[in-house]
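Next, two complexes with subunit A in common: one pairs it with subunit B, the other with subunit C.
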Partner chain A sequence: MLPREARALPGRTDPAWAPVIETASGERVGLCFGCGICTGSCPLAPAMDMLPSRLMKAVQLGLKERVLKATAPYLCVGCETCAVRCPNGIDVARVMDAVRQAGLARGGPVPRVDIQRFHQWFLRTVRLFGRAHEGLLSAGFSLQQGRLREDLPTGWALMRHGRLALWPHFIRRRREVRRLFRAIGQRGGR
Partner chain B sequence: MGGEKPLALYPGCSLQSTGAAYLASVHETLRALGLRVNELPDWNCCGASSAHFVDPELAVLLPARNLAIAEDLGADVLTACAACHHRLVQAEHELSTSEAMARAAAKQDVAYHGGVRVRHLLSVLDETDLSGRICRPLKGLRVACYYGCLLVRIPRSGGIDDSENPDIMERVLRACGAEVADWQGKTWCCGASLAATAPELAGDLVQRILVQAHRAGADCIATACPLCQLNLDLLQSAAAERSGFDRLLPVVFFTQLTALALGASPRRLGFGKHLVAVRPMMEALAV
Partner chain C sequence: MNGYGTALAVCTCGGTLCGRLDVERIVAAPGFASALVIHDLCLPAGSARVASWLRETAADSLVVAACGVPAAVQAVVEVSRAAGVAEHRTSLVDLREGCAWVHTQADQATAKALRMVASAAAGVRESTPPVPDVEVRPSGRVLVVGTGPGSLAAAARLKDLGCEAVLISGTLERFEGQAGEFKARIRTDQGVECHAVGAVIAAGDAPARMPAVQAGQRVAFLLEGDPWPSVTESTLSAALHLARDCGCRVLVLFRDMGVAGRGLEELYREARGSGVTFVRMEEGSLRIVEAGGEWVVTLEVPGLGSVTETVDVLVSGATDALQGTRGLAEVLGVAPRKGGWAPRERALLEPVATERNGVFLIGSARGPYTTDQAVRQGEAAAMAALSVAAPGVIAVSARASVDVERCAFCLTCLRVCPHQAVTTALGQTMRVLPAACQGCGVCAAACPAGAIQITESPNRRLLAEMDALMNGPPLGGRPTVVFACANSAVPALQALGRLRLSYPAQVLVVPVPCLGRLEAVHCVRPLAAGARRVLLCGCYDRSCEHLVGPATARRVVERASALAGTLGLDPGAIHVASLAPVDWHKLGQILGVSCDDGDRNGGEASKVTAHATA
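So, the complex of A and B:
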């Protein structure tokens, strides 16, 4: 019997997609035999809408649209527990990366836009200063999400304990860092 | 100190703000050991979890610029932050094994040709003979050594120790006279990168770790990651309330403990920056 993902979307497979993800991730997705060790090891599995081992199967089958809609690659924190345990030596985290990056590169709705925004704010500070600035990142993200009021107590607690540097650290040759961002174009966000 | 090349310290962005106590205690530890290490000049952010979130090339090129600076200096890189260590090791591996990636770096004038070693401070301390240098043994302090993910799980290149049951922090802290707890959870993920976007998930992961540390009778949790430290520190009181713990566990940087044992003044170690008060731990140590 076909896995649930396949049954839910009959005929919507793109067999040419698996090799695309294999090349992008550098991982041999075809080696996965569905043992489920990655899923059993994944700390975020309980919150995922497509378990890591199922996502691997879905990529093998070329269930592109279904996979690109999954929030799992956004919840994946890259902890690599799956990767060090996979009996076939597949770095599942890199497959998660490749799937997410493919979705972001294609444009259109993002399954967890809040998580995307968080990372974009982080990168924005790096592009500006050459180093990340946690203050601007938190304030910017919080404002954009309209949660300044909820997040203020945390910010205040950190400030009180002297843990938020207000002034950013600029590096001298910021131009070199900006150039790296330019090289990847819109993929880095603005 | 292993290897002939000098080491250049890569502190990373967190150590300049939320993890300032880590940087202070790294310096105090190095100083107490008489190790002179300069900061890598003009270093940039390694990209952390965010660069590989959006792009595989950015994830390598940001750390690569730092490797190129170290190569130019003829130095190896010394790391403290677990996340930076992970990204730098990973980038070094990709640049030396993937021609496409090496070309991408060259195209952006990032001149890295290989040969720079990325070493974590724990490995350096593990190779240093600490006996005879401990002037304030951490007697009676029961530490839960917490590694989290990034330090021990770097597929392909390998983490600083075994990925399932690492022991390197235990060895270092035992040499400082501390007692180490045998506990589950030392390599469990704390979910720090989701703390802002899915706090309920991060809260669950933190709680899971704390439950194990309490079960093992730990007096404190020691970490080598500024993100883990912040996450466990910040989310602890809520987790404790849910679990009904009768006390909170201070979450310290392992370098705060090594610096203390090596005789550094506690006033220079940033203990005032902790959200969970470290005073009970210090009183037990009679510092």
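So, the complex of A and C:
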């Protein structure tokens, strides 16, 4: 099932796009023969608009517009069950990641802005404190998404049970973490 | 027909049938000169007793009511020989798997048994002696057409087996005769050659060559072969080479990626890894339009909607047989299938044989096979050809024969015979080739004069058996007559019997060699005699060994239904059903619901089916 927005798009293939994804992910996408094990194993597949095996076929065919409009890559949590089971040894999660990267590189809004923002808040806390900090992550995300009203009761309950720390845990070599981020940024990653 | 009469011997299968059938009533069946009950037909003592009794009665025909196992069949043959009764004057009735084990109510089962016995008696009285044996003398020579790997392998194996292989490269122009004695005329570069051979193994032309493709171009391969396989070794290697070495964009559109066999699986993987894109086409999902020197390919991909790709080169029909191969099948008298390959796919067929005895097709005559597969087929064909072509003498009796007094020389039988078994020449009568005839009866049904008949069961006999079957003690409901094809419905019925699944006793079975044996009159006659339904149970279209059975049956049912209507009978009472020999559950269901008290008398057979298909 295609995302509704994508159905209207012309299905013209762009054969040059598949090699781009292959290089970005380091996976030989062509090896996929469409068995569907990745879809069968994916815990998020029922919620996806484009199933993992279909997405692989779309990448092979070079259906750039349709793939970049799909929300499926943003639902991928990177559990790698697909990679474990793929008979051709393809790391489908890495391909999903490469698709996300391609979407970001193109610029413009991505299909799931909320998920992208969540990722960014996560990385922000890691860069600041050297470790993920749920407190800042959830507060910042909630504010940015305008969900404070809904999330506040949950946040308060978590804090009361000692599950949400207000003060972050600073690691000792935060400078090195920041250096990591700088190096990746220089190489074009986000 | 002299009046010594027909004798009846009933075997109670060690007494076990006594509980399910009223054996006394069966032994007292009317119309027999004498009757005997025994308990052990399949044992030497039992059959000896029958033989000596038969000699005493001086009967000229015999009906044995027993089981249907091979031991019983053999026992009847021995009895007939020992007592001096012609074998064609004997008939074995299976009262066990065909009656006692499948019908739950003893009175109905007995009534059916009486009808079956009466039918067999009517049949033996109309039986005709078999056609005298004809001697076929193969010379040990086998014609091998083609010089590819398959043909060479066949020729080498033939030599090992002691046969002479005539290996020829050329066009087969004429081919006639029967297995063991064929005459072939071939046109080669040096002229025309004629050969007398016992069998022919033919391979087709070498696979198609690729059209010229330049580096960097976009190529699409369109593989629409039907059925399996639709991908060839040459296609995969070409696709790989273009993608990996020539920088081409390669798209392969296929129906069935059959890559079993050494090397193909690895080749396929390598092609995928090198960037060849494989897309499976659904039926009717493809549209190709030529636009300005380019090809615009649009297809429906499941889950991805409509996809369009533009290519520079389109390689299509890569798996269709070449013209030469099509001509080959025609000359050899073998029906082709889609794509030009031959023979038509049939489930029960050996891997290299065709519907014509003694004609074997291998390699690129049969399908887009790889070199490996062609070599194996060549060797298999050589071994199979041995049985019909090895030097010696084979005595064959034709299973069909022509009554020249009735024959009008319309050539219908020659044209409809699926096995090329009817021949003639100027100044000669119609002749049946004994080594080619497979006894299907299609000719007998087609002959307008009834001049050609199956010797084992001429029309008079079939009608007499049917009439006797319809006249008998009540069965507890109107009968349903089932014409059962020997290759599908008969084994299915035997399976029901062996599994002891019950179906209504109103089902009366008339076995036929093939549904192609039947004409409209056979279907209407039981209706006129009071049957509730007439079922023609046979093979699927793709499985018919005689090619035309199911299609003939459908035509016949249409005509018969119209005929029934004009006679004031129920035109909707005649049906065709297709089965495989293993479809006993399907048959059980059909039988269960075809009788008057569908639910009550349905019996276990249909209930098992209901459970199995729920």
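Here is the rule we go by: the second predicted complex is superposed on the first by the 174 of 190 C-alpha atoms of A that agree within 3 Å, B and C clash if a C-alpha of one lies under 4 Å from a C-alpha of the other, contacts with A are read in each partner's own complex, and residues count from 1 in each chain.
Basically, a contact is a pair of C-beta atoms (placed from the backbone, for glycine too) under 8 Å apart; a residue touches a chain by one contact, two chains touch by 3 or more.
As the structure is a computational prediction, the values presented were derived from the model and not from experiment.
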Touched partner set for A:Cys35, first subunit B, second subunit C, both or neither: neither
Dominant toucher of subunit A (residue count), subunit B or subunit C: B
Contacts of A:Met159 with subunit B and subunit C, given as first, second, both or neither: neither
First, second, both or neither for A:Ala132, with subunit B first and subunit C second: first
Touched partner set for A:Lys57, first subunit B, second subunit C, both or neither: second
Which of subunit B and subunit C A:Arg100 touches, first, second, both or neither: first
Touched partner set for A:Val113, first subunit B, second subunit C, both or neither: neither
Touched partner set for A:Arg66, first subunit B, second subunit C, both or neither: second
Which of subunit B and subunit C A:Leu143 touches, first, second, both or neither: neither
Overlap of subunit C and subunit B interfaces on subunit A (superposed complexes): none
Complex contact set, residues of subunit B against subunit A: 13-14, 16-18, 20, 42-45, 47-58, 61-62, 65, 98, 104, 107-110, 149-150, 153-156, 163-164, 187-189, 191-194, 196-198, 201, 205, 230, 234, 272-275
For the subunit A and subunit C complex, residues of the former touching the latter: 1-2, 7, 10-13, 15, 18-19, 28, 30-34, 50-51, 54, 57-58, 60-61, 63, 66, 88
Residue numbers on subunit A that touch subunit B, as the complex places them: 24, 26, 43-44, 47, 75, 77-81, 83-84, 91, 93, 97-98, 100-101, 104, 112, 114-116, 118-120, 122-123, 126, 130-135, 138, 141, 154, 157-158, 161-165, 169, 171-173, 176-177, 179-181, 183-184, 187-189
Residues of subunit C touching subunit A in the complex: 218, 249, 257, 269, 272-280, 301, 303-309
